[in-house]
Amino acid sequence: MSSQDVEWDLPAKPRHECGICGVFGHPDAAKLVYFGLYALQHRGQESAGIVCSDGKQVLIHKDVGLVADVFTEETLQRLSGHMATGHVRYSTTGEASVTNAQPFLVTHKDIPICVAHNGNLVNSIALRRHLEQQGSIFQTTMDSEIVIHLMARHMDRGLLEAIKTTFTCIQGAYSLLIMTNDTMIAVRDPNGFRPLCLGVLENGAYVVASETCALDLIEAEYIRDVEPGEVLLINAQGLTSSFPWAPARKSYCIFEHVYFARPDSDVFGFNVYSARKRMGEILAKEAKIDADFVMPFPDSGNYAAIGYSNASGIPMEMGVIRNHYVGRTFIQPTQSMRDFSVRVKLNPVRALLTGKRVIIVEDSIVRGTTGRSRVQSLRRAGATEVHMVVSCPPTRHACYYGIDFPTKSQLIAADNTVEGVRDYLGLDSLHYLSLEGMVEATGLPRDHFCLACFTGEYPVEPEPAFTKEVFSDCGC
Amino acid sequence: MSSQDVEWDLPAKPRHECGICGVFGHPDAAKLVYFGLYALQHRGQESAGIVCSDGKQVLIHKDVGLVADVFTEETLQRLSGHMATGHVRYSTTGEASVTNAQPFLVTHKDIPICVAHNGNLVNSIALRRHLEQQGSIFQTTMDSEIVIHLMARHMDRGLLEAIKTTFTCIQGAYSLLIMTNDTMIAVRDPNGFRPLCLGVLENGAYVVASETCALDLIEAEYIRDVEPGEVLLINAQGLTSSFPWAPARKSYCIFEHVYFARPDSDVFGFNVYSARKRMGEILAKEAKIDADFVMPFPDSGNYAAIGYSNASGIPMEMGVIRNHYVGRTFIQPTQSMRDFSVRVKLNPVRALLTGKRVIIVEDSIVRGTTGRSRVQSLRRAGATEVHMVVSCPPTRHACYYGIDFPTKSQLIAADNTVEGVRDYLGLDSLHYLSLEGMVEATGLPRDHFCLACFTGEYPVEPEPAFTKEVFSDCGC
Amino acid sequence: MSSQDVEWDLPAKPRHECGICGVFGHPDAAKLVYFGLYALQHRGQESAGIVCSDGKQVLIHKDVGLVADVFTEETLQRLSGHMATGHVRYSTTGEASVTNAQPFLVTHKDIPICVAHNGNLVNSIALRRHLEQQGSIFQTTMDSEIVIHLMARHMDRGLLEAIKTTFTCIQGAYSLLIMTNDTMIAVRDPNGFRPLCLGVLENGAYVVASETCALDLIEAEYIRDVEPGEVLLINAQGLTSSFPWAPARKSYCIFEHVYFARPDSDVFGFNVYSARKRMGEILAKEAKIDADFVMPFPDSGNYAAIGYSNASGIPMEMGVIRNHYVGRTFIQPTQSMRDFSVRVKLNPVRALLTGKRVIIVEDSIVRGTTGRSRVQSLRRAGATEVHMVVSCPPTRHACYYGIDFPTKSQLIAADNTVEGVRDYLGLDSLHYLSLEGMVEATGLPRDHFCLACFTGEYPVEPEPAFTKEVFSDCGC
Amino acid sequence: MSSQDVEWDLPAKPRHECGICGVFGHPDAAKLVYFGLYALQHRGQESAGIVCSDGKQVLIHKDVGLVADVFTEETLQRLSGHMATGHVRYSTTGEASVTNAQPFLVTHKDIPICVAHNGNLVNSIALRRHLEQQGSIFQTTMDSEIVIHLMARHMDRGLLEAIKTTFTCIQGAYSLLIMTNDTMIAVRDPNGFRPLCLGVLENGAYVVASETCALDLIEAEYIRDVEPGEVLLINAQGLTSSFPWAPARKSYCIFEHVYFARPDSDVFGFNVYSARKRMGEILAKEAKIDADFVMPFPDSGNYAAIGYSNASGIPMEMGVIRNHYVGRTFIQPTQSMRDFSVRVKLNPVRALLTGKRVIIVEDSIVRGTTGRSRVQSLRRAGATEVHMVVSCPPTRHACYYGIDFPTKSQLIAADNTVEGVRDYLGLDSLHYLSLEGMVEATGLPRDHFCLACFTGEYPVEPEPAFTKEVFSDCGC
């Protein structure tokens, strides 16, 4: 396989692990969750699933594929009931498989329990080893199954108590939904790594979702975020909030604003589009470049590019055009077609580029392989100078809280100076946004964020050693 | 079915009929044509096909679906030979069917002949009636089959002579490729309604394609356009040009520049992106509006919006975000979700729109139903004023030359004043680009274009009555 | 590919070309034809199709596959109308293709005409050449298309006259159904090679079918056979019979009784099961063998085996058991599994065979390759003697009238003595039924049959040279 | 839904639960197991699966469908390794689902364990309740999962000890295969309800299978049956036999000989074909009838019919012909087609039946609905007298050991006298084989069999009450 294929196959960008959405109190709960997942599709494209209940019976449908492929009108009609929980997922381990699709549903002592999880547990290996020692059989390799096993051991003491005990053992990032046949529970970890928000439909039904764009599509009104460390219990009696664990330092994932979340969402209390545009504006002040025009590579740098153009006065152009008919299967080009993997999706406008000095605005650089091809394709289309500005600092450290970053050794910025990266990408100049500039663009104080991928300072110890004390604390 | 469904089902925009691509003289001809069709996919998404030959055997593969779905690596490997012709198609008559997929291939007296056609014949009914009277059996309802039947009757006199005689009978728009087992022929009608260009690969192989974007993707160098009324014959001896018919007034379809062609293509000798941007610039002079920002509805008005923003000084924003995961099947929303058919694909950025006066830039208005929903969705997201500028004049007349326009009665501008359209769409103001402005943006003189959809002046009489003389002229 | 694979891939038996069924005058015409085709599935398994009409609109559905796979409840519901014609087919030329599926339907001068054909024309090449010379374009390689082209040229003179003229030009075997939007016509060639019968439903609707088993399944009452040289025209006015051509010598295909037709059908006026059983009885008199038991290889020799056992007094056993779960795809056995291709479908009963002298009853031997494996598998399962009796004489000549026999060079009996075949098959003895015995079993005189595959005497000259006179006769 | 549909949908015959096959010590183990399952397909048609190992890695493939559909050449090639275990299954609970497909594979403390099970546990509900109380989470509703959970709790003491303890808790019928990454274990319950046999391939590899027909197809030599209560452990060191539990009364399922097993298999030490033929012979002595011929309904009574014909001297005919092209989907007949569900599959030979007195030989009568339609179809085809002989006594009691019998209330013989059944079926006379005659035909003493479905005497108490002692015995 040539290096070109590698560029094609490897994800150019970090990938999200999951999106979740739940509705309680509407006759079309599953259909509303379907549309919620539809809006959250950018958070995971490998599998999708919905579990629903009418208060008695629990039904499930999940499969590998996009939301629009996994569910049909018929499937949704069968998923009747007033409550439903859904999930979209990236499998981080190779092949997409329906076994690892979520929500994860079991029936324990005749009580159905399902879990839909966004995030990543850092002590899952230790927990699994402990549970297996006691005779538990695991069906999947998912963190979410550990949650179920722990809960099962404490359900006799009631659902809320089971959750409290379960998550006392668990460390890491978890924005999740738990559902039985009559109750829905939203849990966000005390650090609040991943977003989770609460909304209400016109008829009074509650909606919980990873991002507000899911609320918007189904016309739910945004109420507030589920708070770090909060447990929201929703049942026929209404909504109850509790904070069963000791509070922790807030550790919002700033990458949600840099790259992950949908621009029309409000995440951690402020709008993503606006934050990205401000990042571009601040970048224009930090990195002044003499050029003919600014251009994004659709759609990664669109909003920062608008900000950069506005603040710098350099006009913006669509120097490459996105092809909307890119198929899933990839046919090998026959000859040595250059930059093919880039050009087949993003078509350079030769008439625009010829003889021009251009500034590319990117939201992030991960491996750099794609960026390298992109720069080459612009030069071949006639650009005389190619500069790049990036709307975040260099990403140099792995993420343990739910983002499918490459390992540290694959992050181009980890072992290279900015000049090294610039040369690898074949740029005339390369400018990263400063950490301060990035945080400033959000409007929140720096200590509200997890900045580990930039700084290496991890709010929660990744992959801690196994200690018996963990379990004696929770009594598992 | 509610009116909302109607909006969803009916095409909001005129649809192209076809794109064609041929390669002569390359060992991977079919694979190159595959990528050529890939680049031309915007010209037709209902079926795709390739016919190829190694000089002896002729092979065909075609099916309903997108290029990337119709062909697999295995299929392409089987399509061996140094020459290939491909086609992408919109069926204008209801259901997509493989019967009407192109290229259309027959074997007549042991000689395989295939035709791939972009355009529309205006005297096809008369021709078909005449041929049936003489015993011909038709398999399809396609114009292209008529071409084959006429050619078959004259093949004894040689291929070029057969083509000359055939197209003497035929009236209308035809940019087409004809291929036998050893010869490829490109024909463009004397008016030159549809584009057709010629390129060359590094190894000297010729490429003919509807647009230059196909040349760009396969790294062919653009040579020149196939001229109106020109017949290009390509075989082992090389390329021969002839002009067998009387010249006619040039009638380039200006809608290629307004809406159809890909922005990175050069069509009729100039770049589409640049033309659209100029339309926006001229529009900014013709229609001055006081507003907070300009926005396109991706991706229809992107380039005119850039032009309008530049010329007016009003900043551009991405007021709606395109959802890239829209599936093909449509699930009915459960409640009366408002503007749903718009919002599911184009998500308004509430944070941006709230309290703002916005100008939408559109490339055209056909039925108006989609536009109406779009305006409503912006108002619901908080916009206080919504203005619209359109980068062409009102489209008031049907097209007979290969564009799947609605009938005149469905064109909202046909029977309404600009004020009427404005009120129907729910706008604060509506401004169309003038005919002169549109033509000016192209840089070509007005009499080079077919402007029939705006003016009702048809360069070639549509659907002429049947006259025996037609056939006595050509001797069929 | 080893010889074992060859045995697997090549058909062990001659294959039928087609079965046809038509219903006129029932509100569920297409559904009844569906069941008729279902009953005729043994006559062709590669494609199936139905054309129907309500007197105005004509609808068609056909595809590659078995009847039960090609049609769904929904498809059949769409095929509304009181008249319908159906077809099942073997493609004799390699790959199964929907292009060559029947019925063949065209619309000529706004009149839909469809043809469903069982048999084989012997002068099709000459006819096609002649028609192409006059400008006709052919879509398929099927004989049936020639019928349509010829008819189209004479339709102005009325349907019956067109048929009379058309079949004056045509030579060979044809039992066929022609249908327009309001008329159904059944035609059987003057020699009557292939069967065709007429029945009536309880409501008075007419049914035409290749075999009576189709009538039985849909509970139609058998009226009589369509006679050789007869044209039956069925329309709203009722049924009209005519005999437009000169009578010819009857030439019923005796292989219908030996092998092709379903045992529960009556063909050419007598029951197939009974004829086969009588063949076995006569064989028992002609070939006396000392053995422990008689056995068929299911299901080819079942009925002759019963006759042989009855007449000889030697008990019958099911020495091999048919596996009813044989799939379509074939996985290569891993080691040198012997006789695998036989044993995977027909499982020898070791407990029965060990130490026994057995007589296999077969209906025919074509290539002999399968037979050879079968004999070996019985010997390996413990049989001490293996004899074979065949309920027809050696097949030594090709068929030109609609049976997909191998070419003469592939018929094992063509160039071998009975002793040679016996040795090739590895038998202790081999006995064929005499020609006289075979004819006697039918109860009809010898001169009513085509016996060409046994005698080489062809009732109609196969592949005659092209003569202009043919067409001057019919005026085409 | 009319009563006719009910006949169609409900299984006319009891259905098997499962077939299993394992190979240890052959480089193509998975492929051989594939063919073994192919031969055992009659024991279960709803799902199929294979688990294999090369001593380290364990791979699995299973799905809903027939063996030939579930596995492709590519799938089998991926399933590499020298050991493999396979399973075919009937799901007795409604919808076929891949969740309940077997083998059931888990990884517990990094050790893969799989189970393939034929039979039914009678104390599964109690066991599951006990395990859940201790925190176990179940993924399926299958008995086999209980086996895995119990084993997991004892694996620290070694595989054999874990098995010994596990099956001390378990009551019921179990012929099963357990496989880790390096060991295969065959277990048959102390009563020996279901068959299980051992064979050897030419290269010395061991094969374990439900029936000998699996050995025959892959050319393994039969060694002996796995004995009731025996545990066979096969690993790189060879084969070890042990009998860890107290011996119990033999309780072979006689229905294997009456109906289930394949005729070419030897089951419980004697051939099935021969036993069935002897049942027919004894029946001819017990039930003398004056008739024109004996006939089976293929293929249920074929072998008993041969026996009956031989012993009675009444000739055998194939009065109905099996249609080999019956599809899986069922199209509703349009009019009131009588006996349609029978006739579409089994076509009566009218010419044979008209005016005849016939004896149908059946292997069993369960609900009677199908039999009733069959009798009617023969009368309509002209039979003047219809008698039936059945090669087993009336089945009056449910089965708890792995056969999917209808409940007692659905067994027609449960609440009806023989005369009552005769009248319901519309017969002239009805004769069942006596219990003594049935046992005599097997050659084994009566006390070696489970005859519960005929007598109601259950060798192992079905569905025992939950007692804590069960678990204190085994220490779970």
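Worth pointing out:
First chain written, first letter: the chains are A, B, C and D, and each begins at residue 1.
Everything that follows uses one rule, which is that a contact is a pair of C-beta atoms (placed from the backbone, for glycine too) under 8 Å apart; a residue touches a chain by one contact, two chains touch by 3 or more.
The shown structure was predicted, so the numbers you read here are calculated from the model rather than taken from an experiment.
The chains that touch both subunit B and subunit C are none; no such chain exists. In summary, no chain was found to touch both subunit A and subunit B. One inter-chain figure worth recording: subunit B and subunit D are separated by 63 Å, centre to centre, where each centre is the mean of the chain's CA atoms. Computed centre separation for the pair subunit A/subunit D is 50 angstrom, with centres defined by C-alpha atoms.
Inter-chain spacing, taken between the CA centroids of subunit C and subunit D, is 38 Å. Residues of subunit D in contact with at least two other chains: none. Chains touching one another form the pairs A-B, A-D, B-C, C-D. Residues 28, 31-32, 34-35, 38-39, 41-42, 45, 66-69, 71-73, 76, 202, 213, 216-219, 262-264, 266, 271, 273-274, 299, 302-303, 306, 310, 315-318, 321-329, 331-335, 337-338, 343-344, 347-352 of subunit C are the ones touching subunit D in the complex. Every residue of subunit C that touches subunit B in the complex is listed here, in rising order: 106-109, 129, 132-139, 145, 148-149, 152-153.
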